[in-house]
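Labels run A, B, C and D following the written order; every chain starts at residue 1.
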Amino acid sequence: MKIKIFSVGGTIDKVYFDRLSEYQIGGPSIRDILENLPLNFEYEIVSLIRKDSLDMSAADRELIYAAVEQDTHERILITHGTDTMIETANALLPISDKVIVLTGAMEPAGFKNSDAVFNIGCAIGALQSRPAGIYIAMNGRIYDPRRVRKNRAAARFEEIERP
Amino acid sequence: MKIKIFSVGGTIDKVYFDRLSEYQIGGPSIRDILENLPLNFEYEIVSLIRKDSLDMSAADRELIYAAVEQDTHERILITHGTDTMIETANALLPISDKVIVLTGAMEPAGFKNSDAVFNIGCAIGALQSRPAGIYIAMNGRIYDPRRVRKNRAAARFEEIERP
Amino acid sequence: MKIKIFSVGGTIDKVYFDRLSEYQIGGPSIRDILENLPLNFEYEIVSLIRKDSLDMSAADRELIYAAVEQDTHERILITHGTDTMIETANALLPISDKVIVLTGAMEPAGFKNSDAVFNIGCAIGALQSRPAGIYIAMNGRIYDPRRVRKNRAAARFEEIERP
Amino acid sequence: MKIKIFSVGGTIDKVYFDRLSEYQIGGPSIRDILENLPLNFEYEIVSLIRKDSLDMSAADRELIYAAVEQDTHERILITHGTDTMIETANALLPISDKVIVLTGAMEPAGFKNSDAVFNIGCAIGALQSRPAGIYIAMNGRIYDPRRVRKNRAAARFEEIERP
């Protein structure tokens, strides 16, 4: 099994620089996470974009779309900021020949209590279990991007009830 | 979504006691792990057995079988020692009405570099993505218990090639 | 032995809130750190101020001065932001009947790689080893506040060479 | 400032090997700890012995004594198992020209909740604050080795009351 991974920034990759007293987007934190685990699959990581997801433009989403569509792997994982993860996932819906899972973190991967490792695990579990399609792995759930929203106050993703 | 979780001991739950200069099986480490994550599903944890999996008897496996079979949840997660996880998984094969995923860890959950959080994430991703059946989530892979072995030298689970 | 601890904010206490996409000063991180260690001394923690140390005013320093001067403990530890820690330490120089050590962290205590635990250890080691006076414990060194500066580019405290 | 560090094994250096299902003494954990901190002093680490301190012999203590006595650094830190740390410290009492601090950990440095980083910080704070002599830094205290004992039941070092 081989997984292609695209990182596009977001909270999961935020690091803290004391001398600037602010957060910045660092390199793909998924690299450190996977390198320190005893895994039995191959993967390749490409850092596409390093942005807070609120700052992502239509051009950024086109870049992600093109990269994912042209990629030849069957299983694609995208680490993404949580604020616009759903928007990007919906933009990818036309791609029907791959299993694509987007994940991220509510706290930077560098934090002791970050949900990054768990979320990535969850995404990888789904990636080899679901049929082709676009999915969001957050808060221990595998969501359909057309029926999920981020509840900012509760700091979690929630299913949208069907009418 | 609700998940039922059974813990039966194993490396994942090992803790270290200095005054004895040895490790012992502690309470279900999955409890601490899940309590500290921003989750959006319900779960219930039952500690069935606290043993090194090498010390598990046929009676222990019967106990696990009965607990899983009688449980009314559709999705069941079992945290288990790695040495006999495959044996227990195979013993559960007759149960056909539930999704059952077994996972564990190569290093105790108390270790900084433990694979416990990732493996549990992976198991939970599979648990809501797979059809009814018995699965093993280790090393980032979802295995069929009839076609996997633990390679002790490499400290990982591997697929058995079909003849 | 009993130690009085005042927390006044700073990087060490910074926490991250995803829904605001920024960090804020949380409660005294030293409380969590000490509660999880097997210690053999008593301590009492008072949260005096919760500010980035760049935002501290003269009035804030007067508040710290009054609290420390009036306190009856012989050994006082102050967790402080690194940007103006030296300024506060120098403001405390008139107090001559206590051992006072200021410490903090270059990365928030919530980070896996934070220097917070080490720095607090270093401060507590000095607190019971030095004569009455004001000290700064950072980067593994115990500094005289009259002969130290923060080198922002190198992200560390350095001794000022005497002329 | 330069510190010479000798590691001689003990709980602090214990690592866990799943395939053996037991703990073993690994390399000096203090190396990893110090390498990941923003320090402003020099140090040199020598791994003298890799043993559980209960297994240390008179010959091992002679080796430590010779290494410390012949060393030309003024400040020497020894990471040591907790069970016989006091015995080794007392054996070093004849050395009067150096500041020597012994420390260790109640839980292996690889554990999330280990006291290793804090204890090493404490030892380094004492090392540059105390006059020449032999000290034990454990549980947040700097002890005189002639007046301390390890209370195994309470899992901590305690001062022996003078008669």
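The criterion applied here is as follows: a contact is a pair of C-beta atoms (placed from the backbone, for glycine too) under 8 Å apart; a residue touches a chain by one contact, two chains touch by 3 or more.
None of these values were measured; they are calculated from a predicted model.
Considering every other chain in turn, none proves to be in contact with both subunit A and subunit C. Distance from the centre of subunit D peaks at A, each centre being the average of the chain's Cα atoms.
Taking the mean of the C-alpha atoms as each chain's centre, subunit A and subunit D sit 44 Å apart.
Inter-chain spacing, taken between the CA centroids of subunit B and subunit D, is 37 Å.
Centre to centre, using the average C-alpha position, subunit C and subunit D are separated by 26 Å.
Residue numbers of subunit B whose C-beta contacts span two or more other chains: 106, 112-113, 155. You'll find the chains touch as A-B, A-C, B-D, C-D. The touching residues of subunit D, counted against subunit C in their complex, run 1, 33, 36-41, 106, 113, 115, 117-130, 137-142, 155-158.
Those residues of subunit D that touch subunit B in the complex are listed here as 11, 14, 16, 18-19, 21, 23, 52, 54, 82-83, 106-108, 110-113, 152-153, 155.
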